[in-house]
Amino acid sequence: MHENGLIPVLNPSRIFLDERSESVTGSVVTAVVEGSRPFLVELQGLVSPTSFGIPRRTVSGINLSRASIVIAVLERRLNLRFGSDDIYINVVGGVDIDEPSADLAIAMALLSCFKNKKMIPETVVFGEIGLGGEIRAVSQPEIRLSEAEKLGFKRVIMPAGNVKVKNKKIEVIGVSNLAEAASLSLV
Amino acid sequence: MHENGLIPVLNPSRIFLDERSESVTGSVVTAVVEGSRPFLVELQGLVSPTSFGIPRRTVSGINLSRASIVIAVLERRLNLRFGSDDIYINVVGGVDIDEPSADLAIAMALLSCFKNKKMIPETVVFGEIGLGGEIRAVSQPEIRLSEAEKLGFKRVIMPAGNVKVKNKKIEVIGVSNLAEAASLSLV
Amino acid sequence: MHENGLIPVLNPSRIFLDERSESVTGSVVTAVVEGSRPFLVELQGLVSPTSFGIPRRTVSGINLSRASIVIAVLERRLNLRFGSDDIYINVVGGVDIDEPSADLAIAMALLSCFKNKKMIPETVVFGEIGLGGEIRAVSQPEIRLSEAEKLGFKRVIMPAGNVKVKNKKIEVIGVSNLAEAASLSLV
Amino acid sequence: MHENGLIPVLNPSRIFLDERSESVTGSVVTAVVEGSRPFLVELQGLVSPTSFGIPRRTVSGINLSRASIVIAVLERRLNLRFGSDDIYINVVGGVDIDEPSADLAIAMALLSCFKNKKMIPETVVFGEIGLGGEIRAVSQPEIRLSEAEKLGFKRVIMPAGNVKVKNKKIEVIGVSNLAEAASLSLV
Amino acid sequence: MHENGLIPVLNPSRIFLDERSESVTGSVVTAVVEGSRPFLVELQGLVSPTSFGIPRRTVSGINLSRASIVIAVLERRLNLRFGSDDIYINVVGGVDIDEPSADLAIAMALLSCFKNKKMIPETVVFGEIGLGGEIRAVSQPEIRLSEAEKLGFKRVIMPAGNVKVKNKKIEVIGVSNLAEAASLSLV
Amino acid sequence: MHENGLIPVLNPSRIFLDERSESVTGSVVTAVVEGSRPFLVELQGLVSPTSFGIPRRTVSGINLSRASIVIAVLERRLNLRFGSDDIYINVVGGVDIDEPSADLAIAMALLSCFKNKKMIPETVVFGEIGLGGEIRAVSQPEIRLSEAEKLGFKRVIMPAGNVKVKNKKIEVIGVSNLAEAASLSLV
């Protein structure tokens, strides 16, 4: 099935994504920009009842403060309770993400676990989240969209504020708050 | 509504602000200076009853010590009690703020949440806060004012000590202490 | 038995491996890449009942966050309980590993201790682990394979997604999840 | 009243000081030297009954260890008890102070709060504090004095060991221990 | 007795070692390599009943994680219990050691204290320790041996895997696990 | 009395020392070397019953680990108990000391407080302390001695291992362990 492991790396985004497991909950693909180079990366969340007294928040590849902000917004704006759950967030491929555009993917990964629903398939998600639960526009949405299209994704869920024209080849879904994103992202 | 997402970034302040949600509490726009370049940025606060024993203070984009100082002053000078609340402070756009001129915006964002009142619309807020609750003058107030004016804001709430002449195009409101700022900032 | 200690170091991988103790549990050899240079390194795990109230996680040579992620996945996906065990993970030779390709070796070292079963001998293990327990492809699998072959190993357990053609001289076993890896790695 | 906010900064010390509030307790002006350039800066202290179990010590602009040393000396040498108080220390203007010459100003700011007495007006304070409560000479006292004089202060409270000749334009008060400094500094 | 304090430093290893106290427990000399330069250094351990609730582990000159690994191995493989002891490890001369070759010296220093037995005199000890309690070969054993010989030591206890030929002037004792090292090192 | 505050700094060691208070306990002068430049500096200790549950150890200018080692040796070798005392250690003049030669001065400062005895006057103290309580030779003892002599001190208490010939102008007292140093240092 996966045949390209030994092929020279033509597209760096590809190697991070070929393995992605759309069949499990908690897996979301996002588009980040490093300098002016876009690449897609898979984020994974894991939410499960804590086995110790103090719930653990362990992250690899994202900033713990940023994760805490996103978790707090999920709790306040979607009335979720993570107080007795351990939360793990992982960026696949050893990549470090340092921009708030990944907020929405973090939120959807955690929500997918919590609700035990999968993400809709073939979809890239990006957007910053504000404390009010609103989805904020991010910089360079164009090159994020192009990268998603180039790698064969069918759909992008992104900030309404970044949506200009419908791209012909890829479906663009603008969302303006967490509740809207949640209802459109999960199957 | 938001059409400029795919337009080349002419004014970097603009992309951080277009999404701002004046209709929710806890959102405040401030003017910071990096080198000699001013830019406007939105700060957001979130205050809500703590779900754990120890109240959490989570910040993204500002210094935690600075936030602690501002919270302490709010408690002592306006007789507020945050002891059983979690507090979150977020700077929109992934910007890191490293000057005390953002103190007043932090304070107003938290106060807006706490009092459940919105900021008056179309307003930029800046000023350092002293431990006595006084609002201190900051450096380069002129270019902060100009930036606010250029981006179409109607009003600036700033340190009385920085107010020289009334700017013709934008209303300038000088404040000298937290109580005064609070009464003039919230609707 | 070990005669090459005073011989000039022809192959840096060799000195780290000659001492490896296949006869004890918790020892696993992995292949890492630094720049474009592959080398083999031994990881060791130690799992034993905690003597204090709080179970200790002490690591030398790998990142503690990464170790926590791997431990969490072992707990959730293989239904193990490490809550009352101290866990120690050691990279032999004072090497620091900074890539997720060592995840699978970490997991197998811990599992070997926990189950009190040895790794199958003459085997190199590599692969990133996702939060779902899936084994993810890693970059540069070819040079990892070559290094294992060059140093006389008989078998490589690696991500199914990295397996292209069966190498003639060394047995290549592709695994796609933790359970599969566990059943094929331990004697 | 404060008219110089929009005037080009002729004297950097001035902008930090114009706002100073001599009418409140806990505010002290000190003279620091960066390289060979002196400047005046306002320190503020806030001492109030702790609202949590563990008294908080929050500082902005000075080193927490240095503050802890000064607090300990105040406790031991002046028989004060801060054990059930939160302590906040703030340097106005976002300045970071990195020399022990600010010790005496920190001590007087805290003492002013604790005793609820104001500093005598128009006064600059500097000096290192030793663990015995003695006030130690600091380097470059001359340029600190000149700066205070230049900015129109009437009085300097400084280490006795740094006092050489009485300056004609500004009153120089040498102090050799904390008790002496306390009795001469507060109104 | 010690006459060379004011003599120009001909051999840097010497100044660290002249003072060593073979007559007390807990003192061990090891050979480290910095770049390609070997030097001998004395490690000291101190193990005594804890006076607080939580046993302290304080180290100077070595890495705390590395010390924790060595302590854990001593506990598991030699059935020692340090749970109610404070442990101190000190490298004499203000040297920082950053290689696992010092593991064996750390272990012997702690064991010497714990068993209240001295090290055999005139002996240098080096070797990495694995989690199984095995002593692992280290890099550049030759220059470590030469340095020990040059400084007049009579004996080296080192990894069996590094022993090639018996050096004529200095006794070389190869050890392959902690128990063996313990029985050969202590008087 | 102190007249040189405004005189250009001819001897940097002098400004740190003119203020020293030989009349109080806990004050010790030591000689450190930075590069090849010696200078004298005053260390101060403060030991007093803890006011909180957990005894505090606060240091300014020295490393906390080093201080912990010295405290532990004092406890074990001189049978002192600091378990219910707060300990403060301060280096006068804002100097950071980074060499173990200051160990003996730290120990004598704490011992002076604890025993409530002063140091013998006009004395410089230096030497590294080993975990056995032995005083170890340090590098460059000559230039330390010369600096003490140049600044008019009458006596140096230093490691026996560094004593070569009696200096004519300054009394040199070699000590080989903590007990000896204690009996010779305190009045």
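Note that the chains take the letters A, B, C, D, E and F in the order they are written out, and that residue 1 is the start of every chain.
In this text, contacts are C-beta pairs under 8 Å (C-beta built on N, C-alpha and C of every residue); 3 or more make two chains touch, one makes a residue touch a chain.
Bear in mind that the values here come from a model prediction, so they are computed numbers and not experimental data.
Note on connectivity: the fewest chain-to-chain touch steps from chain D to chain E number 2.
Common neighbours of chain B and chain D: there are none. In this assembly, the C-alpha centroid of chain C lies 58 Å from the C-alpha centroid of chain D.
The distance from the centre of chain D to the centre of chain F, with each centre set as the mean of the Cα atoms, comes to 29 Å.
We define each chain's centre as the mean of its Cα atoms; on that basis chain A and chain E are separated by 50 Å.
For chain B, the set of residues that touch two or more other chains is empty. Taken as a contact graph, the chains are arranged in a single closed ring, with each chain touching exactly two others. Here the chains make one closed ring, and walking it from chain E through chain F gives E, F, D, B, A, C.
Across the interface of their complex, chain D is touched by residues 63, 65-66, 68-69, 72-73, 75-76, 81, 83, 98-100, 128, 130-132, 134, 136-137, 139, 141-142, 159-165 of chain B.
In the complex of the two chains, the chain E residues touching chain F come out as 1-3, 5-7, 9, 15, 18-19, 21, 24, 26-27, 42, 44-46, 48, 51-52, 56, 58-60, 86, 88, 90, 92-94.
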